[in-house]
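Two complexes, one shared chain (chain A), two partners (chain B, chain C).
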Partner chain A sequence: MSELLQHLVNTLVLGGTYALLGIGLTLIFGIMNVVNFTHGILYTFGAYVMFIVVQKFGLNFFVALPLSVAAGWLLGALVELTLLRPLRGSDIDTTMLVMIGAWIAMQSATLWVWGGVAKSVPTPFPDAPLSIGPVSVSWLRLFVLAAAAALIVLTYVLINRTRLGSAMRATFQDHDTAALMGVNVDLIYTSTFALGSSLAAAAGALLGPVYVVYPAMGDLAAVKAFAIVILGGLGNITGAVIGGFILALAEELGAGYISSGYRDAMGFVIIIAVLIFRPTGLFPRAERVG
Partner chain B sequence: MMRHLRTASLIALATALLMGSASAETIKIGVNEPLTGAFAASGTYVVNGAKIAADEINAKGGVLGKQIELVIEDNKSNPTEAAAVAEKLITRDKTPVMMGAWGSSLTLAVMPKLMEYQVPMVVETSSASKITTMGNPYIFRISPPSNVESAAFEKIVDKLGLKKVDFLVINNDWGRGTADDFGKMMKAKGIQIGLVETMDQGAQDMSAQLSKIKASDSETVIVTAAVDQLTLLFKQAEALGMKKRIITTGGSQNPDQIIAQAGAAANGTMHLTTFLPWFPDKTPNPEATAYFVSEWKKRGFEFAGCTESFRGYDGIRTAAAAIEKAGKADPEAIRAALWQIDVKGLNGDIVFKKSGPAGKESGQSQPNVYLIEIADGKVAMKSF
Partner chain C sequence: MRLILSILAIAALASVPLWLSDPYLLNALITTGIFVIGAMSLNLLLGFTGQLSLGHIAFFGIGAYVSALTSLGFDVGLPFGIRIVHEPWSPLAGFVMAVLVSALCGYLVGRLSFRVRGAYFVIVTISFAEVVRLVALNWVELTQGPLALTNIPPMSVGLPGLGEFIFRTKLHNYYLVLGVAVACYLLIARLVRSHVGRAMRGLMENETLAVSIGIDVTKTLTLAAVVSAGICGAAGSLYAHYIKIIDPEVFAFINTVTMVIMVVAGGKGSLAGPVVGGLIFGLMPVALRPVMAPEAQWIAYGAALIVILFIMPRGIVPALTQWMPRLRRVRRPSFSKRGIEESA
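Take a look at the complex of A and B:
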């Protein structure tokens, strides 16, 4: 029983970060329709910014977090302006290949600049975990869960309750009509991609201190993000959040009670199952027909 | 006219290339290591150790009157790439001997290529026992296989008072091989084996596996993984409030990096290691160890990497000694010479003994294995 409780607590903590990874990608992959292979490297980038700001410049952990998010925003905007803007209108395969290239180039750059040795980010939280009966959880991970929840709510409000959010939704529903209605379509493309990227960087900045920071850290994270987005339905923020928690639960219980060897295969099993039984995801976004 | 020009320039280019390789008075040694991917940190350490050996040898005049040249290729921590890299080193660079490929799965992927092209390889890190027992006569291993490690550990298990152990190992040939060899040895000693859990080589979150182990009734966990995953494991075990003794195997722990990154979570952990850079006096060749450690520091590398990089240093010295003994840079002559060398390695004399099925034995040297403990943020030797 205490083992199950511990697994459920782990699920909650892990699910929050998966949800954060998922909503960033669902904006770009689901709403913008760009198969974004740079999501994982932006996650890595956020973690490295955190490392530099805290370790090298000695700034406060809580000051470093928003700086990482801002840096992710800027890098995302740069990728959109230099790579995606010239490719707008070309087919999805071309864009995908360019994004794969960008991923490899950026990952090699991280390796070149910082080397392959993993870095760790010091945190202001105590080492000793919070223990309630047989269940333990670290303070850092509780903070990460709270921060992830706050970011998810902020993103939801931004997309669904603000003028910028409705402009984003309008642009990707019907590009031409939105432009005719006076929406600055170019700005919307850039800011949507930058928003998704900044969420990836935020996830990296929050999880870098939990794990260790190294160039390939984003690879597995990106695969999981795709699984979450497909599970939750493309472009559905609530779906991505629920998808994140379902993936975390499947991994925890799969490793705990089936076999730990298949833990990281759970994401792929979920993708396959969803594609067979519910190709539009568990929570498909209402599509305009015609 | 244009066509003539193009042909002429092609010929000029080809001639230049041919001349270039013909006039190069060097002997090449292929180095096949993971410089990117999950094992990038470890592979880079090994390569830096290899460079120290090459520079040392070249400063003393090289081998057979020629300078040695390391041809370093990245196998991306990926077995498919490791095999491709070996093929490239053999066919394009014509390296008569190679060193590689860090991980057991990487080395196992390279092995058929050695048979195909009949080129020997010095294995510097891999520890899956089957590498030297499956009948590949081109393999010469200087790292301890997990059965040698478990045999060394056998002498201390009674003193540690082990009763029941769980395993948490990396899900590849290295980890599973270790769980098999250590499990067999312990069963024979009457120690109970509980859970055998695995983790993906790139996995970052092992909370699920650790929660399961936390709830089991064993008192010790044997862990096999490289340094980055170990750091995470110790931190996550602490966060889960796990209070079991942790013993790691495989010699890729870089204890100083663990201390720096896992902090207090590393206290009380024990590690089976194959090199003692902290205590040069206790190593088989104190002078050589002191030289290597000072050279490593002089080049500005992190001290933590020593436990990994010495393998590259010893590996290249082994290959160079064999070339010298062979008298020519020819794969078959080098293979024969590898059986005759006696190199003063940093972890014991490197002399190859036969291992595997008769007629196609691999070479295996007998390096030392030590147990160390991290206490109060420092490395201490565990002596009994």
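Take a look at the complex of A and C:
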């Protein structure tokens, strides 16, 4: 019983960051119809920015976090402006292949610049975990959960309560009509991609200190993000949040009760099962974002 | 004209070992040739049915593992106390088993994943490859996991009256790969020019229209997947018996990407495309090795994919045939002549 409780607590912490990853990807996928293979790289990038700012520049952990989110925003905007804008209107396979090319180039660049050795990010939190009865959780992980929850709420407010958000939702519904109503569709695409990328960077910046930082860390993260998006339904933010927690639960229980070797297989199994039995996702609501 | 070109190309490739003796380059050519076979099989799906399979390396890896295990033998316990003990068979039997098992996997994956299209199909195929990789990594009793299967025997063929011929040297393997590649090329060429091949293209151009004239979507796509997976399994088998060691890294996503780059760069939907793209991208690391660090090579690889998609979205071979009016003039009349004959 206490083992199960511990798994549930871990699920909560892991699920928060998974939800961040999923929201970023579902926005890009839903609004721009782009299968974003660079999502995992942005996750890696966020973690490395965290490492550099904290370790090399010696800045505070809490200053580094918004910096890495901002860096993710900028890199995302750059990718959108240089690669995706010229390809607007071409078929989804071409865009997908270009994103794969970008992913390979960027991941190899990470490896080239920072080397393959895993790095760890120092944190200001005490090493001793917080123990409540049989369950213990580290302060760092609690902070990760809180920060992820805050970012999820912020994104939700941005999409549902601001002008930019309503322009995004309008573009998702029908970009021609949105353009006729005076929405700057190009700007919306760039900000959507930048927003999604900054959320991936945030997830990396939060999980990087929990584990270690290495160039290939984003590969699995990207696939997990796809699993979450498929679970939650295209462009569905609430679905992505729930999907993130379901995936985290499946992984925790799979690793705990089946075999830790198959932990990362859970995401793929979920993808295959959902697409075969419920191709619209568990919470289909594809007609709008939000 | 095209026949002459093809024969010239094969003759040129067959003559390579006569003037090239550097074992490093010959090795690069053999592995490139194996990947070209994989790329040709991917082209059958991507270029002729329009389905982008990003899990194609799974069939390659399954072929490699099946062939290796068939020729090495295994002893594995299953649930409910069942034990399967397999005595080693000949590498040729391994090759046949590799093709059959890969084709069967192609059938199963095709039946399941052709229910979805576009981005979803891509993601299902990636997931399939990753699940297979994780099984190869974790089912240590069968696959040795990360310790790899070693001492895989070289390919051998029993010739009636002449005894057993073993493909021991690089030279032997070069001609083996070339032979299998030509056979696969002819098989794919035959298939795409047949009735079924036209149905595939019809599905790619406009699925709704194709269905309305009575083309069976699932059957056609599954057939393409079965043939494609079988050929890719054959390539995997050649790889296993040439390299002689197989570990789960064979399933790495980057290997699928390599095949996709070969097809897209060469020209999807063109028979010669994967061969041209494969030779360029397979030998690119050899050319770049003296001037670039390995990581920088991969950056160049990714950048090359992007550049090619931007300037030649249809690939090198279609772009060349468009630029060279001579080749185009030769191709067009043969096409229109047939049209005239049919209408007459």
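Simple rule for what comes next: the second predicted complex is superposed on the first by the 286 of 290 C-alpha atoms of A that agree within 3 Å, B and C clash if a C-alpha of one lies under 4 Å from a C-alpha of the other, contacts with A are read in each partner's own complex, and residues count from 1 in each chain.
The rule is simple: a contact is a pair of C-beta atoms (placed from the backbone, for glycine too) under 8 Å apart; a residue touches a chain by one contact, two chains touch by 3 or more.
Computed from a predicted structure; not experimentally measured.
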Overlay on chain A: chain C relative to chain B, clash or fit: clash
Partner chain(s) touched by A:100 [first = chain B, second = chain C, both, neither]: second
Touching partner for A:146 - first (chain B), second (chain C), both, neither: neither
Which of chain B and chain C A:14 touches, first, second, both or neither: first
Touching partner for A:181 - first (chain B), second (chain C), both, neither: neither
Chain B versus chain C as contact partner of A:117, first or second or both or neither: first
Partner chain in contact with A:59 - chain B first, chain C second, else both or neither: neither
Contacts of A:211 with chain B and chain C, given as first, second, both or neither: first
First, second, both or neither for A:132, with chain B first and chain C second: neither
Touched partner set for A:226, first chain B, second chain C, both or neither: second
Candidates 58-66, 238-246 or 292-300 of chain C: the single one with C-alpha clashes against chain B: 238-246
On chain A, the residue positions that both chain B and chain C contact, one per complex: 107-108, 111, 219, 259, 261, 264
Of all residues in chain A, those that touch chain B in their complex: 2-3, 6-7, 10, 13-14, 107-108, 111, 115-120, 127-129, 131, 136-138, 140-141, 207, 211-212, 214-217, 219-220, 251-252, 254-256, 259-261, 263-264
Complex contact set, residues of chain C against chain A: 52, 112-113, 115-116, 118-120, 122-124, 126-128, 130-131, 134-135, 137-138, 253-254, 257, 260, 264, 293, 295-299, 301-306, 309-310, 313
Contact set on chain A toward chain C in their complex: 29, 35, 83, 86, 90, 92-94, 96-98, 100-109, 111-112, 219, 223, 226-227, 230, 259, 261-262, 264-265, 267-269, 271-272, 275-276, 279
Chain B - residues contacting chain A, complex: 35-38, 40-41, 43-44, 171, 197-200, 202-205, 207-209, 211-212, 214-215, 227-228, 231-232, 238-241, 257, 260-265, 302, 305
